[in-house]
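In what follows, chain A forms one complex with chain B and a second complex with chain C.
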Partner chain A sequence: MYAYVIRRLLWAIPVLIGITFTIHTVLSLTPGDPVRIMLGETATEAQIEAARAEIGLDRPFLERYGFYLANVVRGDLGESYRNKRAVAEEIRDALPATAQLAVAALVLIVLLGIPSGVMSAVYRGTWLDATLNILSLVGLSMPVFWIGLLLIYFFGFTWPVLPIGGMRDGLASFVLPAFTLALNSYAMISRLTRSEVLETLGEDYIRTARAKGLGFNVVVWRHALKASFIPIITVIGLQFGLLMGGAVLTETVFSWPGIGRLMVDAIMTRDLLVVQGAVLVLAIIFVTVNLAVDLIYAFLDPRIRFA
Partner chain B sequence: MTTQPARSSWRNNRTLRRFLRNPAGVIGLTFLVVVVLAAIFAPYLAPFDPYQQHLPDRRAAPGGTYLLGADEFGRDILSRILYGARVALRTGVVSTLIGLVAGAFFGTIAGFIGGWIDDLIMRVMDVLLAFPYLLLAIAIVSALGPSEFNTQLAIAVWTLPSFARLIRGTVLSLREKEYVEAAGALGARSGGILLRHVVPNTFSPLLVYGAVFTARAIMLEAALSFLGLGAQPPIASWGNMISEGRNYLRLAPHIITMPGIALALTVLAVNLLADALRDAFDTRTNGV
Partner chain C sequence: MRWSFRPTVLALVLVLVALLGVTMAQDDRLVIVRPSDAISLDPQRATTAPEVWVYNNIYETLVVLDENMEIQPGLATSWERIDEERMRFYLKEGVTFHDGTPFNADAVKFTLERVLNPESPARGASWLGPIVGAEVVDDYTVDIVTDGPLGPLLNHLSMVFVVGIVSPTAVEQYGDEFGRNPVGTGPFKFVEWQTNEYILLERNEAFHGDVPEIQEVEFRVVPEEGARMLSFIRGDADMLLRAAPAELPMIREDPSYKVYDTPGLRIVYIGLNFTQEPTGDPRIRQAIAHAIDVDSINAFVVEDAMEPAKGVLATGVFGYAETDVVERYAYDPERALELFAEAGYEQNAQGQLVDANGEPLRLVQWASVGRDLKDKEVSETVAAQLREIGVTIDYVQREWGAYLSALALEEVDYNMFTMGWVTVTGDADFGLYTNFHQGFGTNRAHYANPEVDALLNEARVNLDPEARLAAYAAAQQQIVEDVVWVPIYQTRETVVVQDWVEGYVPHPAEYYVRLATVTKQ
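Right, the complex of A and B next:
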């Protein structure tokens, strides 16, 4: 077990380095001179040269990457040129709102997605299965930002019962954004649960359990669902990372003060260091969650850690 | 996953019959054909010039002169949706194709050669997969600057690792198959084996994945356009239209509703098609 955990932890290091390298490469692809964009058109050549030297833009690519990596390791993501605040600080302020929204959406996904997948599998081939299937396909095909706007229209304007922006109204302000964010992932989890449960229901031991007289519900909810849990947990873990990314759209629509909106605001003002910092932090969270899921997985299923 | 040699017409006919028996897939395909035709013939079908502003008719409600209403500049929404279909389909197909070809290239090399080359390629793919949905695309487009091609490129980079993994897995499982080994034993060169026996067998999973990712690419393009990182206004793209209509949500909800419906139905059609293809080919692509 320990060997597996250590191997898996060590594995994350090259991936994280790869992420910083990718982000650095992408940043250096920016056409035009970032310093000129940053300082505006009124800057003199001397000012531009000084700023370039200060940021280290006059150095070769790999050397700049070394600087960047060293700074990232120290937690220094640079400075936002909009308001001169440290990027790391801006992200730290915005992160809790995003995390809360993602957790709220995750709760919805689990509470709605797993039961509807199980029902779909149990009533395979009936109208209930067909309806749930179509619902999840529709959920998968709806653009997140569009659904968010429609919800705002219906529950904010036509029938104004829910807050439609910001997070000042406590739990109520979570309802629409969390539902919007959850929609796509709900569909995925429901479809996955259906196929996993269907597969397990065909296994010999399930037939044995039924044959020895166990009730159908007990077999489904206790045996079949339990056996399907590992793939479902993995995908839910992956969803958490996707949710952090999907939050960009949801937060934009609902003016949610999270990291996604921070990023979009930064895109609009071409505040590239904030964009790159936010992407980096979200990617690191994604990798960490996946790592945690893998470790839980190994804990639940001994076949993996001894393989 | 298919493991038999691909060029058996008997099998293909069975696949086709299975596909045709699935009403959802046929509906999806039919709708998609309609969208493709609408996009191709947009200049003939559109009742107005999609860029022509009719300021007195700003935010005109659906019905009357403007079948689906007019937007905040009095531009005809139906015409803009028809032209927007071009952007959506172009991006969906172009970015998926770039990702597919590049992914197939790297995946085949990794799976067939193995060793440290396989390790290296797959680690790079792991890194690309480590970026959450949308974020890598946002980073790329915000660095390169927003344009339709940069959007397509960014989406392609995001699809690439999934295709590479899929192809590598298929190639690895095929390498062990008797008929591939037999070809090797009979003296066929590895390049020949690859082309004659391995590549054709990757077609059906590629087709299913291709459909799935086309749906996602269309959605991602709309999302990037919505964020201002796709095709730039005044170009009519569905994401742009929704983004521009946001400010008039209370007064004129039809400005966002109509392009949203077009987008959702198109993505749904591609998803239905992908589902039906998956069932017809009997391909297991869980979690995609």
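Right, the complex of A and C next:
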């Protein structure tokens, strides 16, 4: 298994290089000059040239990328064009907020999505199944932005029991943003669980288990669900990556000081190294989570061996 | 059949526990909500409103531009002109920076040299114009030196976002991190900054002026407009910056809030390019001006949130003079069609304006998105109004960063462009020389009138305020007659506070939110 892990990690290197190169190229080709945005309209050509030289933008494209890569290998993500702060510092400030929110959302997704999927499957065709299906449909189809604003309106204004933005109110701060962020993935997990469990419930060994006299709960939760777990875990793993990188809207609506907003601000001002650094860190997290998910397979299904 | 609801119950319990954590507002802290976070609290690095709102309470300048747009003493108690290129400032004694460093002439020189450093110029260095440096006379006397006489020198020195005086020891100590550890002499001291969440300041007990009554100020970021409004209405915040225009009428009617507004310093306009045909023809430019219904744009597109523009300069700027721009170019599509006809364009059977060969009257219009309030909507409406009378419009809109780069290109093909200009110095020199002097980089209309150039040159170097005013008045009328811009609106700076907030004085400059006199009852 160790060999497998090492091979996977080595494979991640070209993936990460590809990602940084793509971002570097896309941002360099995007119209809009970071120096002009920073110095404003009245800057003289001499000032623009000086500022360019100061942040290294006067170098050719590939040289800049090579320089960046060499620094990254040494653990240096460079400096923000806008405020000269180390990119690592900027990310360190923003990443925990996003990670905490993503974990909170993930907890909600697992705690609500899996049970509702199982119940939907077990009670197939009943009013409960219909209700849960409608709920999933709503979760899948409503835009995050709109849901967030509705929640803010009802729980922050009509019935003002919850904080509506920022992280300063402890655990309470997480309720609305985590719920908003989770809704979409909840729906996905719930529907996936429903179909997987439905499929498993029709298998022979489930009938055998029931015939042996095992209780219904035990059969559903221990046997049927466990067998359905592999695809569910895969999707949950992918969802975590999406939650980390795709929280921009939730972060904006709920004034959440996370990495999504850092990236949006950086993109607007063409702060290339900040965007590149943030994407790199998110990519590393994504790759790691996926590896972890693959390793979890082995515990869920002893037949799976890594070679 | 028994069911285990344990996971669901657990989730509910978590939610309930979370509910207990809600905190309440504090009495000794002034909470301000605003749309975006500062980039840096170092004036050297960042000069836009989101940071200046904060750091204009941390740093001070030699002289101060007050809410009536007049110059008052700041860290300098008095000043005198030594010669045409040198002004002497006498500094306030006994002032210390928040880190204990004494404020003196060396700190002024240090600040100015840092700003003007050619290797690493300040973001706003270009706004200083011909200022070349500072010379220390003694501990509390300093000369500011210019290359040639500069009429608006004092206005230039009032810009905290360029020449806010910084602590030399703190700059050396923190280096590039100074922007996260700002040290000035102002009424509030920096405490803490959580990126994209809040910046906390506390009052400077050792302030050399009146020590503020408010203990702490928290600048909170709430990017989403609706959420920002709700957080203010439910009392989480004491002050709201950049209120949604659509909500203002409702807020004004509610006695629990106070709305402060004052005309701002920014003009949003449609510029006309003199070097790109057919807008080189004055009849075409006049026709365009008559075809744009500025009043209805202000009423229905800008939702009356701003003031209809009365000229190419904002009314509060030193040098603003009344012109007949509004009457001269009143909305009159009939007159517009007459002028187009004089220039050789008549409406064909389809109502399209075409020349004698049947070629349509085609104008290229450039527009920015997301820079100024409703800039995109204003531009689209202008395009629609011109299309209404038969002009063919090639409409190109760009996000601000891309727009700025496109405007800086050597070859540009626009006939019309949407832009906002804020006269940051509060002096007409920065509003007129930059936009209407031949050859200046930001003269995007490529306007060239030697008579106007002469007036602007004269007003720049003349040290007599009356003579400058006269020159600016003549220049503005000429610019209006030449139809360089169709001014749309002048900003209105609106700050909304809860009724328990007292003592706030609004400033026309969009970046000055001065809190030293504010109290909470």
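In this text, the second predicted complex is superposed on the first by the 259 of 307 C-alpha atoms of A that agree within 3 Å, B and C clash if a C-alpha of one lies under 4 Å from a C-alpha of the other, contacts with A are read in each partner's own complex, and residues count from 1 in each chain.
FYI, a contact is a pair of C-beta atoms (placed from the backbone, for glycine too) under 8 Å apart; a residue touches a chain by one contact, two chains touch by 3 or more.
In this text the structure is predicted, and so the values were computed from the model without any measurement.
Shared-chain residue A:Phe61: touches no atom of chain B or chain C.
Look at A:Ala43: by the touch rule set out above, it reaches chain C but stays clear of chain B. Of the two partner chains placed around the shared chain by superposition, chain B is the only one that A:Val15 touches, whereas chain C remains out of contact.
Once the two complexes are laid over each other on the shared chain, residue contacts for A:Met268 go to chain B and to chain C alike. In the overlay built on the shared chain, the residue A:Pro31 is in contact with chain B and with chain C. Contacts of A:Tyr153 after superposition: both chain B and chain C are touched. Of the two partner chains, chain B is the only one that A:Gly241 touches; chain C does not reach it. By the touch criterion defined above, A:Leu108 lies against chain C but remains apart from chain B after alignment on the C-alpha atoms of chain A.
In the superposed model, A:Phe299 lies in contact with neither chain B nor chain C. When the two complexes are overlaid, the chain among chain B and chain C that reaches more residues of chain A is C.
Residues 30-31, 149, 152-153, 157, 252, 268, 270 of chain A lie at the contact with chain B in one complex and at the contact with chain C in the other. Within the complex formed with chain A, the chain B residues making contact are 123-124, 126-128, 130-136, 138-140, 142-145, 215, 219, 222-223, 226-229, 239, 242, 246, 249-250, 253, 256-257, 260, 263-265, 267-268, 271-272, 275, 286-287.
Against chain A, in their complex, chain C makes its touches with residues 1-5, 7-8, 10-11, 14-15, 17-23, 36-37, 39-40, 42, 45-47, 118-121, 123-127, 176-177, 179-180, 194-198, 220-224, 226-227, 230-231, 233-234, 236, 398-402, 404-408, 434, 441-442. Against chain C, the residues of chain A that register as touching in their complex are 30-34, 36-44, 46-47, 50-51, 54, 79, 82-85, 90, 93-94, 97, 107-108, 111-112, 114-115, 119, 148-149, 152-153, 156-157, 160-175, 215-217, 221, 252-258, 261-262, 265, 268-270.
Contacts from chain A toward chain B in the complex involve residues 14-15, 18-19, 21-23, 26-27, 29-31, 137-138, 140-146, 149-150, 152-153, 157, 188, 192, 195, 231, 234-235, 238, 241-242, 244-246, 248-249, 252, 263-264, 267-268, 270, 272, 275-276, 279, 282-283, 286-287, 290.
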